[in-house]
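Common to both upcoming complexes is subunit A, partnered first by subunit B, then by subunit C.
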Partner chain A sequence: MDKILRIDVGAEGGPKARVTPVGEYAGLGGRAMTSGMVYNEVPPSCHPLGEDNKLVIAPGLLSGSAAAMSGRISVGCKSPLTGGIKEANAGGQPAQVLARLGYAAIVMEGKPKDDTLYKVFINKDGVKITKANEYKMLGNYDLIDKIKEEYGDKVACISIGQAGEMKMLASSIACTDMEMRPTRHAGRGGVGAVMGSKHIKVIVLDDTGTKMRQPKDPGKFKAANKEWVDGLKKNPTTGQGLPAFGTNVLTNIINEAGGYPAYNFTTGRFKGCEAISGETEVEIEKARGGLATHGCHRGCVIQCSGIYNDKDGNYLTKQPEYETVWAHGGNCGINDLDAIAMLDRLDDDYGLDTIEMGATIGVVMEAGLAEFGDAKAAVELVHEVGKGSPLGRILGSGAAVAGKAFGVERVPVVKGQAMPAYDPRAVQGIGVTYATSTMGADHTAGYAVATNIMKVGGNVDPLSPEGQIVLSRNLQITTAAIDSLGTCLFVAFAIMDQPETFQALLDMCNAFLGTNLTADDVTELGKSILKKEREFNMKAGLTSKQDRLPDYFKKESLEPHNITFQVKDEDLDQVFNW
Partner chain B sequence: MFMGVLRKGVRVEGHVGLSIGGFLREEIGMDAEYIESRIQTIFLNGRPVDDVEAAVIGDGDALALSASMPGLAGATLRKGGHFAGLRSTISYREEGSAKRSGKGVVTIKLFNLIAKELAPLFFERGFIMDGEDFSGVLHSHHETLSAGLRSVEIDGQAEDMEKLEITDWDPKEVFLRVRMNESSVGHRRGNV
Partner chain C sequence: MDKILRIDVGAEGGPKARVTPVGEYAGLGGRAMTSGMVYNEVPPSCHPLGEDNKLVIAPGLLSGSAAAMSGRISVGCKSPLTGGIKEANAGGQPAQVLARLGYAAIVMEGKPKDDTLYKVFINKDGVKITKANEYKMLGNYDLIDKIKEEYGDKVACISIGQAGEMKMLASSIACTDMEMRPTRHAGRGGVGAVMGSKHIKVIVLDDTGTKMRQPKDPGKFKAANKEWVDGLKKNPTTGQGLPAFGTNVLTNIINEAGGYPAYNFTTGRFKGCEAISGETEVEIEKARGGLATHGCHRGCVIQCSGIYNDKDGNYLTKQPEYETVWAHGGNCGINDLDAIAMLDRLDDDYGLDTIEMGATIGVVMEAGLAEFGDAKAAVELVHEVGKGSPLGRILGSGAAVAGKAFGVERVPVVKGQAMPAYDPRAVQGIGVTYATSTMGADHTAGYAVATNIMKVGGNVDPLSPEGQIVLSRNLQITTAAIDSLGTCLFVAFAIMDQPETFQALLDMCNAFLGTNLTADDVTELGKSILKKEREFNMKAGLTSKQDRLPDYFKKESLEPHNITFQVKDEDLDQVFNW
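Showing the complex of A and B:
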């Protein structure tokens, strides 16, 4: 990965591709690459959909190699949803393929001269950009079918649906999975709108004739990778729980804890949760001939995904994840997994963030646009978004905009981005991360639960307010580092429990890259990423004043524990005070 | 077929006023090592428990058992985990328990891998469930039950599968016990 592909979409005569050496960005991958480039090259005050914003797509440092779990791809830009820096990442095939083609990043920059839509084809021989107006307003599924007709089913695609073309704030960027379905999305922050603003509908990646990236020290790499895989397989969470039930195994647990935000965050428990739990989901998938254990990209050993078939046994969508099942399910009072799976399919097709859409529908249900629990109405609302009707435009702008349009006070967003599936009043430490993350409310921003192994920040009393702040800070630091390697965040559980597995990850990185990284170096990498992101946001106008949860979380108590969010503002302001 | 019932929660009678660890070992018959290593997430009346030997279980309490869970939230809810502080406001705290020692009924919910692994133990020991739920299982799994049941007892009397299905269980509580080669069903609270 020694080169960067820059596409100037505003060039005379149409977009022009230019390949440059990786240069000053050498040694960066994933989030470190995207945030580094956005920090260096994008004016923080620019309009997110204007010519000065850039869309950066970067595989992880280990992507394209034999390293297990290295298939995450990062997408970065100034977010049209939050107004700050954004890194959204996804699984699927593109990271592995892009890395094998030798690209450390693809950068889309400039402003199109007209409304022509383009596709980009990249293979070992170079880059070809051609007009693609025939793809206008196609959903991701139809688009990929057409790509298959032209390029076969061995390529990987990065694309936008109608929502991205319409530059909606809730729009995502789709990545194809192992079956070449557009099911893996860089969902958060409206990154699809930025790709839409560059008039690039799809990037087709063909790694035919390329080889797997080779490590600097093959012997040590092979041994470390084996240790790494063994560690993931022996861990109860990564080796048993996730493969058996997927992420939706959390539904029953979060509900039992009273931290499951139901009916637009008005209560911490959902009576219909058993019908939409991971255990029930798996029973349905198996009964209908789907799959309950499946990977989203080659080289995945956790296999937390699956295939969800309809009642007739035909493919409907990939296994809806916990966040999706919550957003379109309990958050909207819906206890029908088939309806939730359909909503997941529609989100993937139109190119929408499932968390943002579920939260938005919850908000407008509270406004009376539909009854809580009305699955049919929810499906119709998502179709409105896909059609781009005036109502759909409002809904496709996300929960914050919809809340303003319909006069709703209870809007669960931070920095304009909808909260995921954990109520911050029950799990207050997650609320600290929601409030202070550079990304807006984001459950993955403080996810890499390995701070105990990495000994980030020394020892604190985790029961004290200071402890919550320090833990959240440390989680955000380690997550930023993990996001840069391109490894799936779920590896965090194995490296939290098993120091030898964390060491195997470090050994694997060092053997592959020819480095001598230590845990301290990884921590410093995470810190440097967060510093840049934080500085970008400050210059873009997002100060500590935006590091807050909505007021109602401090005033409305949440059942069943009848508790409000209690972390003080001055404590939140200490998260980045290291 | 009973997994949904186990997740919803079944009721067991036993000696209460013990620690959770003591109750699970002595009243349910679980292995201490299994409780320590496999059951990583425990809720007592919806509150995450960190110390199973300190938390006391009483009559009418609800206990939920799970394996280790993914996500930061999953790590946070683990018993005694490094991230327990992140949910300290809802954690279970034993404050000089007023729970009396004696016979009592405890609702136990079994989730995910734990449900699969502990189901045989609970079937063998027997548990109380709502008649409505029992009817639901009978009707939705008729073929499986017909194929698998060797014999049926209702209140100590040998009966056939048909009797099991035509009985109106809905308003009742059902005590269900399943053995390897025979099953036993008894009505509760003097209903029959």
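Showing the complex of A and C:
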């Protein structure tokens, strides 16, 4: 990872690749790389779809190595959805492959001269950029089928569907998984639109002939990695809960906690939960010959994913995540797992953020475009997005724009980005993260749910404002660091409660990188990332006034706890005051 | 004007009227009243369509008196379009009638309990609020016809069309003119949506049995008013240019100056100008039995308006203003005055801001939804808005949202509001006003065009950044004061170059109000209004970073002068640093 690939999409005669030494960005991975580069190189006032924005794709610091769980990739830019900085990350194979190919980052920059679409092929011999107009307006699944015909099924792809080509604010960037399916998405913030604005349809990565990245101290690395894996295996969440039921194990847990935002955040419990729970999902997967336990990338030991087959036993989609099941399920009053799986498939195919799409459909259901619970209508609405009809253009622009277009007041967004599957009134810590994250509403930016509800890393009452600021702050700092390592965020369950496992992660990093990082260094790394992100946002025109939940969360009580969001504005302003 | 009418639309059993003494708001009119009340009573973080926003309608301080040109009415609220404070003002009859009825303001507050639509009738005996579901989704013209059937043609109306009922961000509030046609609109900022959110379709004002408001010193007032009228008559713009050709006299002037933003702000001159100029418009009006010189309210001596008949000699619309002719004309490459007049009529009927609509159509033409120059397509697009189709919902949300929905980079907005008919690159003073006005892009907030192009009140080179900050600042201050008097802004042409006419206005105010206002007091009034507006905006989350033109005005040169916007960001930040 000693080089950076820069693609100037505005060059005369079509995009030009330029490989440069990693230089000033040496030692950065994942989110530290993407946010660092966006901070340095993108003018905060620029139009997100214009010449001056850059799309940065970076594997984590440990990606491409034998380190377990190191397969996350970060995608950064100025977000067309939030107007601020964005790091969206994804699993799948590209992080490992890109890192093995030696690239610390791919940067797409400039503005295309015409409407030609391109593909980028990268292998050990270099970079080849060719016209790809034959891929125009292909969904991710059809696209990857064509890539397989040409390049075989051992490559890894980073691609956009129709939504990204149409520069929709809810569009994602797809990464292929181990079966070379486009199921792992850098979903949030409209990153697909930025790739679409650069006219790059797909990046094909072929690591044939490359080797795994080697640690500086192989002996120590191997030992630490073993300790690391053991720690993940013995933790009840990463070792048992997630492998057995996937993330959707949360449906019953969050519903029981009264923090499941049903019917567009109208109530905290959903009667249809049983039918769409992780437990039910796993039964269906097993009964239909799918998989209930499966990883999204090489080197994953948690295996939180699965394969969801249709009624005829044919592959439909990967196991939909909890947030997806909520967004297209309870949030829209839908209790039909097959419909939800189909919506997940469609989102992956068109290249859309499942959270944003589910939240948006919830908003337009509130506007009366369809009845809550009408799964057929929801499927049709997502098809509208894929077609790019005017209605699809509204929905593909996300919940905030849809709310404006239909005059809806109850729109669950922060900084223009839709809230995920945890009601901030019943899980006040995640409310602090939603409000203050540099990313807009984002559960992954500081997953206070773990401590509020699962009592991981302590016990902070979810219904009280007490302690939530410190909790969210610490989690946001740690998360920024984890997002830089390329490590799956779920390792947090283990490292928050098992000091020896956190130490193993540190030891593994140090052995791999030849560094002497301490826990304090990790904290400093996280802080430095957040500081840059926040400064970018301020320069882009965001202020502490945007570090707020929509008013109605402070005014409307949520059943069953009859509670509003209690954290005071002045306390929210202390999150970054460390 | 010693009382305020407050209508609580959320009261049990339907809206309740409450008449209170003017109290702390005594001595305020127009914009000083609306912005003062919004500043005091509306939480800046509230949702513009929610319970906590208020719609304030206030006649000017001199409205309802014999003072010439005193018929402007101000409409204020938190804007759903800009997210900041809004004062939109309009001519027509309501200011005079409302003031004669003794109301310093009407305030609509609260949140409706159900979807019943209401009408409000106000006469000397009081206020009557009744259900009006029979008016649902009527256009302003049909609505006013029904009002005439019931109340005769001597009343004045304030109403919304379909767009306001649908809570569209580009919706306006219509005021009837002297012929009781709904042609005078508080157009900007989506004020119609706020009235729509309060479920008030129309306010009918009947001043039968009331008297003109009387001055404190009748003798002095009469003398000053005569001097005032003489001053307006002898000024070449207010005495000759505007009466003869209306505001559309500007088409040739601005085009000649190279500041006419054609084809969605792509070039500064439009080849089709001759066909849509004020000179041509007047010829058509005269030839078809319309009127080329006409006032919008009682007491107007400038008479800048007219009546535009169709080819068969039947009334089509009032004389479209310069900004409307530009928005639906040159900005969309359209050179057909009949089509533009039809678009003006449709906007008035559906209740839409003509500037926002024209700018939006320009943006979607750039996105490829229709060809530039296709007048038929433009008419169809506005009909989509009236129908509330998904496409209409996008367009009715204004240029910023349409740009997001269709992934367009070149969207000419500031703070979400579309720029009017003067390119800020060729008229840099108006660029400063667009950028820094508390209202979003708004030519009326500080009409630097007068000095930059017409050399009124001095001579500041339109192509140089020099002097534009001071120019815009002074104009913004003076304008805020004029908007509070209820005086038509066009009086500025006379008072900027004729000290004796400015003095006559002051004398008239003092004689009417029994005050001793000096020119400095007027400046202080303007400053105090701007200060409150700006503070509201800051609390609502706007910052100096939103006091900027879109990036492309700084990067793309405009023909024929080959110039970009030259005023520096740090200078823009000095506008309110007085």
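A few points about this structure:
As a working rule, the second predicted complex is superposed on the first by the 559 of 578 C-alpha atoms of A that agree within 3 Å, B and C clash if a C-alpha of one lies under 4 Å from a C-alpha of the other, contacts with A are read in each partner's own complex, and residues count from 1 in each chain.
Everything that follows uses one rule, which is that contacts are C-beta pairs under 8 Å (C-beta built on N, C-alpha and C of every residue); 3 or more make two chains touch, one makes a residue touch a chain.
Everything numeric in this text was worked out from a predicted model, so none of it was measured.
A simple residue count on subunit A separates subunit B from subunit C, and the partner touching more is B.
By the touch criterion defined above, A:Ala244 reaches subunit B but does not reach subunit C. In the overlay built on the shared chain, the residue A:Pro80 is in contact with subunit C alone; subunit B does not reach it.
Touch criterion met: A:Leu49 reaches subunit C, while subunit B stays clear of it. By the document's definition of touching, neither partner reaches A:Tyr308: not subunit B, not subunit C. By the touch criterion defined above, A:Lys539 reaches subunit C but does not reach subunit B. Touch criterion met: A:Lys167 reaches subunit C, while subunit B stays clear of it.
Of the two partner chains placed around the shared chain by superposition, subunit C is the only one that A:Leu391 touches, whereas subunit B remains out of contact. Common to the subunit B-facing and subunit C-facing surfaces of subunit A is no residue whatsoever. Interface residues of subunit A, counted against subunit B in their complex, comprise 236-238, 240-242, 244-245, 247, 249-250, 252-254, 256-259, 274, 277-280, 283, 304, 322, 422, 426-430, 432-433, 443, 446-447, 449, 451-452, 461-464, 467-468, 471-472, 475, 490, 492-493, 496, 560-561, 563, 566.
Residues 3-4, 7-8, 38, 40-41, 43, 46-48, 64, 66-77, 82-90, 109, 111-113, 115 of subunit B are the ones that touch subunit A when the two sit in their complex. Remark: subunit C residues 43, 45-47, 49-52, 80, 166-169, 193, 196-197, 389-391, 393-394, 396-397, 401, 404-407, 409, 538-541, 543, 545-546, 548, 550-552 touch subunit A in the complex.
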